[in-house]
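There are two complexes below, and they share chain A, which is joined by chain B in the first and by chain C in the second.
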Partner chain A sequence: MENQFERWHPVSQLAYYVFVFGISVFIMHPVITGISFISAIFLGIVIDRKRFLKMFICLYIPAVIAGIIINPLFSHEGVSIIWYFPDGNPLTAESIIYGVMAGIMIGSIFTFLFSFNKVMTSDKVMYLTGCVLPYIALVISMVLRFIPEFKHHLSEVLVARKCIGKGLNEKNLMKKIRNACTVMSIMATWAFESSVDKSDSMRARGYGICRRSSYSIFRYTKKDIVIIAVILAACGYMVYAIMSGAVYVQYYPCFKMEQSKIAAGFAYFLYAAVCILPVFDIWMEERVWKSLQSKI
Partner chain B sequence: MEVFTIKNLTFKYPKSGNCALDSVNLTIKKGEFLLICGKSGCGKTTLIRHLKTVLSPAGEKDGEIYYEGTLINEVPDRVQAQKIGYVMQNPESQIVTDKVWHELAFGLENLGFKNSAIKIRVAEMASYFGIQNWFHRETKELSGGQKQILNLACIMALNPDVIILDEPVSQLSDIAAREFLMLLGKIHEEFGVTVIIVEHRLENVFPMCDRIVVMDKGKIVSLGDKQQTIENIKDNDFFDAMPVPVKICAKLGAKPYNVPVNVNEGRRFIEKYVSEKQCVKKDDGVHCGKTVRENIIAIKDVWFRYGKNGDDVLKGLDFTIEKGKLTCILGGNGAGKTTLLYILCGILAPYRGKIIIKGKNIKKWSADGLYGKLIGMLPQNPAALFVKDNVYEDMAECIADKNCVEKKIEYISGLLDINDILDKHPYDLSGGEQQRCALAKVLLTEPEILILDEPTKGFDGFHKRKLAEILKKLLDDGVTILMVSHDIEFCAEYADICALCFDGGITASGNAKQFFAGNSFYTTSANRMVREYFPAAVTPGEVVSLCSIT
Partner chain C sequence: MQYYIISLIIIVLSMIPFFLMFERRRPQAREIVLIAVLVGITVLARSVFFMIPFFKPMLALVIISGIGMGYETGVLTGTLSAFMSNFIFGQGPWTPWQMFAMGMVGFLAGIIFSKKYTYEKYKYVVCIFGLIATVVIYGVIMDTASVLMYTGNITVSSFAAAYISGIPVNIIHALSTVLFLALLQKSMIKKLNRIKTKYQI
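Let's turn to the complex of A and B:
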């Protein structure tokens, strides 16, 4: 079953991911990165709890910990010295903070990527490619059609040959190689032949007589328009906030965060609202279903 | 009003001596259902490919073709793409994209339709053809029958005036073929689309069509409605391909131009015939002497499924195959017939139960001992067997003794009627020709047990009889033959033992004649026609001979 987020229009989904990835990658700010990490975790859990928790524990947490440990080992900048390593280099509070932030940032990108893989299926990627480059999208679609066809025929050939005593499990190596070569050469011929048929079928249906249009089964809804508008607005404000120094952080030589509380607070709120939007949408849907059920 | 007018069309393929088409004259009327038939290689496909410029083969062409009064070459590409639909033989290779919905929209996209227009048309087609349930599926997951229905729907999405179909059901099972043809008939009736279909399996198409063209060696030998055609080709080889009721009734002397063409009409004819001629009713069963049975393969309580979480395909199947007999396994799609064959050959291993070949468990046979000497299998897709550039080399590959290659090939190609195509590339052959060449390859390995998966697929009546002769000869030489088939008529006529595979087991098996005489639905058309009078008669030959006893 698709959830509400997966039913968003691919353009909205793309806008969402571009926004959250962009902010998470380019800004390493304790609050912003924290928001990214937490909402990415929520999204992962909502989309596929079992697999996410497995991935989270086995992959993402070690990545975060690695960031936390590695940075102070190699970076010795910063003014607040806590301790000296045996080789004489200082361990600083700033380098620990930076390491933690870097770890969480990497963790949040990984966590977002998990849901991205689940949500942006091949047909959506193809649709988005098709919006920009329709011919490339057709080629991809044809390749995706061709690969399973090729595999299927290859297995058919191998089985057929095995059954007449020409299988690949010969003991004699030379014979085995020769048999394998024969199969490869006929597969090349087959690929060529089937593409002749395919091009006949394409031309018979009018391929190449005029500029192609590109059809998709995805529908814009009012919700998508709202989502995209919200994301664009948030994006605009975030850029403004960063440029104007409202969302500002300095790690070295000493840790320092922004001054203007209101402008920064609004930026945090806006970012958190967008990040959690899919989770909210899915959660709302569940609420609706539950209330419908309880009415029956 | 004519859709196509073909005037004096002569065509020769490059580097070929004979004319593929020899001064063909034909007018095709608007809204008719035209069947073009003839033995394989008679030029049917060449003829219909000329009806669409982009598909016309290259070669020396003489004569004119008009589409609605305009020379076909002068009809704009756009009109041709939209108004003349073409469905090809192989359901697999004409699908271009990976998703069903994308495939449906493909033609409309090519013509640059707007998204909103495509949406409506695609929705219409999906609903009409019952595709909505697999609309979001990937094309690779569809069955052969579904693929061909999709291909038809894709053509219909363009809203054509004419649909041309080149043996659309030759690669489908009997049931899928019937479903496809019913859909085609429905389209023809409800939209008045002109249908031009090439086919040599006439059983199902023949009763549906308005006019029939019979071709032979590039010439039209008969043109007319059903009755006219029956009259015209009475003495031709090709008469064998006619539906069973036609064959029986023509032999029993039905009045010319009034021959029954389907089972229902045939029953009425027989009823009248029997009462007029006062035939002796014979309803005693078939007797067959008990002979000593020697089993060559025993299948014991075999269970099989694809993958751990899949459904069981075979559920405790027990069966024995007798030495030196022709055993046929019948059954619907997905009954597990092909799976059973793969298990018998050791390609797939059951998770419970065992297979004993010649008294030895299949696991104990070495691959060298088993394949190519003891067992030879003709796969469902004959093209999978070809690996060389021409048929001759391909066959030579299968001969172990290199000293008598020429002699053996000469013998086998004479037997299978493939002398003329030895130098051709296997992929250039028609479906029936490929089937025969693949069979030749398997026979050349001289197996003791011959396993055939749908051997009559793509065969016309003439070649079916030829195949039966060959099988007979092999049986006389002591070869055991196991065959999986949908072709009830063929099995009834030639098999020794028939078995019905259903729901993962063998539900019924027995002597072929008894098997069919005992069934009431799953039986031959000949038996369905006469079962009230001669319940034991299952083949046209038997019916004719029983009716002649007065």
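Let's turn to the complex of A and C:
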């Protein structure tokens, strides 16, 4: 079932993801990156627990570890030297810190991408593209229809080819590829021919006579307006925080964090609030549902 | 990471003119459907061959559509098929880079060959173009992107490491592109030309 976050308007979902991706890529700051990572994990768990945990352990943790290991091997900047590699290059504390931060940042991007792939389905992307580039959106919507149609036709062609002894389960790899290419060519002929039919049918129904209208199932609610306003405000403040140096971190040659406590604290709070917004929404919905259930 | 953002903005900006050009022209229904079919076939081809790692026919098909239909269709087929196939294989920070790289290959194929292409004269040239384009354009762009995405420290050694470790992948990819170009070039371009002359696109 769709959860509350998936029911947001695509524009507010896009705003959310642009904001979190932008901030977590642009600011590599221990607290900010930590907030991104933790809230991305929460979001993943809330959206699809089983698949997320599987992906998290098998893919994301190794990515984080790879990020942590790679940096000290390539970067030898920094003043606090811990050890010397056999080839004489130093291992520095700063490069380790930077590596850990980079690893967590990559991890948080991958973790956000998990929910992004779940939430931003192709119909929403089509809707968003349609607002700006209507013709491209039309092509995208056609492709979305063609892929299953072609797949269906492909399976028919494969069966027919198999009947005449030219299937794809050949031992010889070269022969297999050649057979596959013939199948591709068959598919292309059929697809081109049917494309002409389709476009003629479009023209017969009056394509291009006047402006195209498009149906969309999405509606702005009051919640969406609030969400977008909050995200814009947070965005504005974060830009201010970056410009004023409140969230500035220096990694090389020595690790140094800016000390202006209030401005930075407010930035952390605002960022965390926005990051956790979808999780909070889903959680609130569950609570309301449960409390209503107990009343019945 | 600032490098990643800046380069991302640059590549996105460089793709926008092609989309706007397409929008401005108010394309005919036939053209739209034909581009959608080309993208559909390319995406399908990727999912047919996805069992063999890095053995992708996508670039070959993008080059063919660039040659057959001109650079504009080449760019659109390249960018859109990279974008659409990632709905099946997963979107990520690599998506814009793939779109850009494949669009570039389609663009160059269209610019170089589309006017004067004949099979007899250019069949080997196109295969060599496919080889070079896969390694030099697609391979280098994607390896650069992976440095910018995963390490963030822009040094000669990290780029060298990425390019060297990318060599085997790029070679398999380039060989598959050449193989598919050799096998599909003649029949596909013939079909595209037939559609073009018969229905006057």
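Simple rule for what comes next: the second predicted complex is superposed on the first by the 242 of 296 C-alpha atoms of A that agree within 3 Å, B and C clash if a C-alpha of one lies under 4 Å from a C-alpha of the other, contacts with A are read in each partner's own complex, and residues count from 1 in each chain.
The rule is simple: a contact is a pair of C-beta atoms (placed from the backbone, for glycine too) under 8 Å apart; a residue touches a chain by one contact, two chains touch by 3 or more.
A quick note: this is a predicted structure, and the numbers were derived from the prediction, not measured.
S.K.: Regarding the shared-chain residue A:C254, is it in contact with chain B (first), chain C (second), both, or neither?
M.R.: In the superposition, A:C254 touches no partner, neither chain B nor chain C.
S.K.: Looking at the overlay, does A:I209 come into contact with chain B only (first), chain C only (second), both, or neither?
M.R.: The first partner, chain B, only.
S.K.: With the two complexes superposed on chain A, say which partner A:S185 touches: chain B (first), chain C (second), both, or neither.
M.R.: After superposing on A, A:S185 lies in contact with both chain B and chain C.
S.K.: State whether A:S75 touches chain B only (first), chain C only (second), both chains, or neither.
M.R.: second
S.K.: Looking at A:A160, would you say it contacts chain B, chain C, both, or neither? Reply first, second, both or neither.
M.R.: In the superposition, A:A160 contacts chain B only.
S.K.: Which of the two partners, first being chain B and second being chain C, lies in contact with A:I106: first, second, both, or neither?
M.R.: Once the two structures are laid over each other on A, A:I106 reaches chain C alone.
S.K.: Touch check for A:I217: first (chain B), second (chain C), both, or neither?
M.R.: A:I217: touches chain B, not chain C.
S.K.: Quick check for you: in the superposed arrangement, does A:F116 touch first (chain B), second (chain C), both or neither?
M.R.: In the superposed model, A:F116 contacts chain C only, not chain B.
S.K.: Which of the two partners, first being chain B and second being chain C, lies in contact with A:L133: first, second, both, or neither?
M.R.: A:L133 contacts chain C only, not chain B.
S.K.: Jot down the residues of chain A that show up as touching in both complexes, chain B in one and chain C in the other.
M.R.: 138, 142, 144, 185, 189, 198, 200, 202-203, 207-208
S.K.: List the residues on chain C that touch chain A in their complex, please.
M.R.: 1-2, 4-5, 19-20, 22-23, 26-30, 32-37, 39-41, 43-45, 47-49, 57, 76, 80, 83-84, 87-88, 90-93, 149-153, 155, 157-158, 161, 179-180, 183-184, 187-188, 191-192, 195, 199
S.K.: Taking the complex as given, what residues does chain A use to touch chain C?
M.R.: The contact residues of chain A facing chain C are 22, 25-26, 28, 66-67, 70-71, 74-75, 98, 102, 105-106, 109-110, 113, 116-117, 120, 122, 125, 133-136, 138-140, 142-144, 146-147, 150-151, 154, 177-178, 180-181, 184-185, 187-189, 191-192, 195-196, 198-200, 202-203, 207-208.
S.K.: Could you please specify the touching residues of chain B with respect to chain A in the complex?
M.R.: Within the complex, chain B touches chain A at residues 52, 54-55, 77-78, 81-82, 85-86, 88, 90, 92-99, 101-102, 105-115, 118-119, 122, 136, 139-140, 154-155, 158, 342, 345, 347, 367-368, 371-373, 375-377, 379, 381, 383-389, 397-398, 427, 441-442, 445, 451.
S.K.: So in the complex, which bits of chain A are touching chain B?
M.R.: Spelled out, the residues of chain A in touch with chain B are 123, 138, 141-142, 144-145, 148-149, 152-153, 156-157, 159-167, 169, 182-183, 185-186, 189-190, 193-194, 197-198, 200-217.
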